[in-house]
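Following this line, the structures themselves.
Across the two complexes that follow, subunit A remains constant while its partner is subunit B and subsequently subunit C.
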Partner chain A sequence: MRVTQGCFSFLPDLTDEQITAQVQYCLNNGWAVNLEFTDDPHPRNTYWEMWGLPMFDLRDAAGVLMELNECRKVYGDRYIRMSAFDSSHGWESVRLSFIVNRPKDEPGFQLERHEAGGRNIRYTTKSYAVDRPEGGRYGGK
Partner chain B sequence: MSSVAVSQTEAETPPPEQVDLRREFNEVGIGDVLDQLDRELIGLKPVKTRIREIASLLLIERIRKRMNLTSDVPTLHMSFTGNPGTGKTTVALRMANILHKLGFVRRGHVVSVTRDELVGQYIGHTAPKTKEILKKAMGGVLFIDEAYYLYRPDNERDYGQEAIEILLQVMESQREDLVVILAGYGDRMDKFFSSNPGFRSRIAHHIDFPDYADDELLAIAELMLRDMNYRFSPEAREAFVRYIELRKIQPMFSNARSIRNALDRMRLRQANRLVADLDRVLTADDIMSLEASDVLASRVFSK
Partner chain C sequence: MNEQSMTVRGKERYKSGVMQYKKMGYWEPDYTPKDTDIIALFRVTPQEGVDPIEASAAVAGESSTATWTVVWTDRLTAAEKYRAKCFRVDPVPNSPDSYFAYIAYDLDLFEPGSIANLTASIIGNVFGFKPLKALRLEDMRLPVAYVKTFQGPATGIVVERERLDKFGRPLLGATVKPKLGLSGRNYGRVVYEALKGGLDFCKDDENINSQPFMHWRDRFLYCMEAVNRAQAATGEVKGTYLNVTAATMEDMYERAEFARELGSVIIMIDLVIGYTAIQSMAKWARRNDMILHLHRAGHSTYTRQRLHGVSFRVIAKWMRLAGVDHIHAGTVVGKLEGDPATTRGYYDICRQDFNPMTLEHGVFFDQNWASLNQMMPVASGGIHAGQMHQLLDHLGEDVVLQFGGGTIGHPKGIQAGATANRVALEAMILARNEGRDYVHEGPEILAKAAQTCTPLRDALEVWKDITFNYESTDSPDFVPTATPAM
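Let's look at the complex of A and B:
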């Protein structure tokens, strides 16, 4: 099951050329672009790990692509996302975030029904990928 | 986005059979940049000739690309050698402009660095630092001033070597993204290149900046004064000609930079002279002109 988080996730995966154009759009707006990766695809997982520091003061997208390719070399079997942070007054938050790399095989989510007292049901979603320990998911190691 | 659009239209239209060279030349607008170079930089004949040659080559290369005769990106990395104050940084800025107009760099900004900004202070510090600078320079020109400091042969544990390796790798693999210009004094750069043959072979254009002649230095001084809205009185001009002769044979002479510093000191003396007489009514002419006494008070004449 394809994980759909962030911008463009219902589109086919962006090509490097398209990523470059998006990044250039962010840089032209003066946003700092940041790379993050994770192998826990749960939608409520906010703890993605940072690949280096957010990239401030860049003029051209080639620098970001260089980092992305480095990150893919190391964590190519995980989700990598790019986020653009707008530091201008009043915004001070992420303006754009999209997935730029995903595992070859995404096993999807299991819906668990927990029967609580009084015939209540509580629902839990759990990715099949997290059955294995971190780093070993998606066929890595 | 625009670059995507351009490549698509290029793919659709067949390559042109003929090209109007004059129109092409006017279209990219490098004529203005080259004229400006001629006008604003005094002397430096061999440098200007080389830059014209490179600009012509790049113009032709651009046309060849349009006609599908070539697909390679030419190697554009350069090395500027010459004594201090011969205009290396100024020319590097112009070069970035020319490369940008011809479309060989995408943004045309210059990131000027020295050893400090590339080399770290402890193990593992250098690579991120160098990469940070490289990322900033992407799409523009990376100008490394006094590049020979990167390599310190006397210290085998020096981290400079690490920075050199990363630089070389990017210079080779991302030629379309980045142009590197190395600058430094002639003899030390020669030594640097002989101990780092990888650099020499990756740099296509070696440009040597000659020292300025006396009359060129005078012309530079007058140009600088004009920009600051000052001028020499005729006597001051004569005195300055003698100043240049004397200053040149003294140690630590750094061409145009020394001239700039000398002018700054003369402005100081002029201001002091004017303030000394508070009762006087000044005209614009008084304030603008440097007198012979302002020049002759220099230390150079006392020796």
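Let's look at the complex of A and C:
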């Protein structure tokens, strides 16, 4: 399967050149770009690990790409997403978020059903990868 | 035509009998509205021979304190404060029989936080008043002091995006079709296919409640099976607007609570349930972390005709106060009424914190929303993947694009239809962010994306010639005029 979180997951994986163009768009808007990684891509796993702080003062997309490549060296077996944060009043949240790195093999999610009263079912979504401890998932180092 | 006040004052004012409204204090051309006044703009079309000032003063009178004759009991009150005051009457451009009447209402005339009370005054008696041939409420200026008495959208655009973890692109939805007749089991199938294929939301139609072919509990259970299956298949948060519209509040609460129990992120109501019910459901939604979708069922009965009724921009303002999160606001390019400039005005009312007066979009007043949450506009009705560049251009990024037929009618099935829409959307956002002239290069961008996406190729082929170009029945009265450069 392919996790389709983020803005561009239905397109072929973005090239570094394409990523750079998106970063430049964010910087031009005055948004701070941020890298995060995880090996638990549960749809409600909000807090991926931060690769450093959001790059508040960076104005050059090439610098962000360098950071991404550094991050890939260490966590290339995991999901990495790039998000852009807009601090302006009335928004103060993420403006754009997309996956820039994904594991070679994505085993997907198991849907557990717990039958409850009546015909109700309680659903639990669980990534197959999280059976192993963090760091050892997706055949990682 | 804004001549002097004709108000009769003192003892003469309260002599028994009938007096013209414009003499009773409902026409005050020298009045400067206070920051705390509510201002309403009416399009007044008097009966032949009726003085437009008198007609406008009558609107002010009948929507505030007046009755058809002088009453002495006025003198027991601070009557001058409570009288709505028409302070300006302008001829409508290119429409010789109609006038724009600006009327100011003191804040004390209204119960805080109640749309029912506001509307009982402003659109209560006055629309049936005999001396008027027609009357339309065009716009309202709501003072901050009044805005702040409302909860506003239960969730708001930002928090909705945070909960769904979807940023940087319009959301995608589809209404399940056929609207009537599917069993719960078949209905859930459509939801599953569309969500798995790439949509974020599915939607019940306005008239899906609890009918012999599908009772509501069955629909909710099958839909949530579909939502959860699609979430697991994609790793994305998914939702389906479960319509909780029902005959009584008790029924609606029961349905909403069941939706919450099943883990739905969103429920839906129809405009026809009424303003009080909408406000109740908005409060329920805030208490229960639920996104609240409003289907504007019935609005065209009073919003569409230019001379009589209530403009949709006013309905949109009331709904933002009332507290819904989603509101259908037009597509521009689809099958339902909506000219681009007027629709732009509606979208601004949904999404901006401050609406500057923009006459060419039909927005007559500056409106400060004082940090009330934003409403997500929904574009639904006769739109398809081939229009993606136009949709993005007209409607922007914070919108739900709802492709019902444009998903379910895909020749290769519902999943393929959903994928076509999602790929078209992502390709267009990518191109826009790259700085391309996506409005003009739209067809090329789509064709390029279709090279690696067969479903999109099929969709572009099937619907390539489909457009809905009809004259709009409601367009702005003012057109921008070029001013020479200084």
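Basically, the second predicted complex is superposed on the first by the 139 of 141 C-alpha atoms of A that agree within 3 Å, B and C clash if a C-alpha of one lies under 4 Å from a C-alpha of the other, contacts with A are read in each partner's own complex, and residues count from 1 in each chain.
Just so it is clear, a residue touches a chain if its C-beta (ideal position, glycine included) is under 8 Å from a C-beta of that chain, and two chains touch if they have at least 3 such contacts.
No experiment lies behind these values; they were computed from the predicted model shown.
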| item | value |
| --- | --- |
| Partner chain(s) touched by A:Tyr25 [first = subunit B, second = subunit C, both, neither] | both |
| Residue contacts with subunit A in the superposition, subunit B compared against subunit C | C |
| First, second, both or neither for A:Arg132, with subunit B first and subunit C second | neither |
| Touched partner set for A:Arg59, first subunit B, second subunit C, both or neither | first |
| Partner chain in contact with A:Gln5 - subunit B first, subunit C second, else both or neither | second |
| Which of subunit B and subunit C A:Glu67 touches, first, second, both or neither | first |
| On subunit A, the residue positions that both subunit B and subunit C contact, one per complex | 18, 21, 25 |
| List of subunit B residues in touch with subunit A within their complex | 1, 3-4, 106-107, 109, 128, 131, 134-136, 138-140, 170, 174, 177-178 |
| Sites on subunit C touched by subunit A in the complex | 158, 161-162, 165, 167-169, 198, 221, 224-225, 228-229, 231-237, 261-263, 353, 371, 374, 419, 422-423, 426-427, 429-430, 433-435, 449, 452 |
| Of all residues in subunit A, those that touch subunit B in their complex | 17-18, 21, 24-25, 52, 55, 57-64, 66-67 |
| For the subunit A and subunit C complex, residues of the former touching the latter | 1, 3-5, 7-12, 14, 18, 21-22, 25, 41-44, 46, 83-84, 89-98, 108-111, 119-121, 123, 125, 127 |
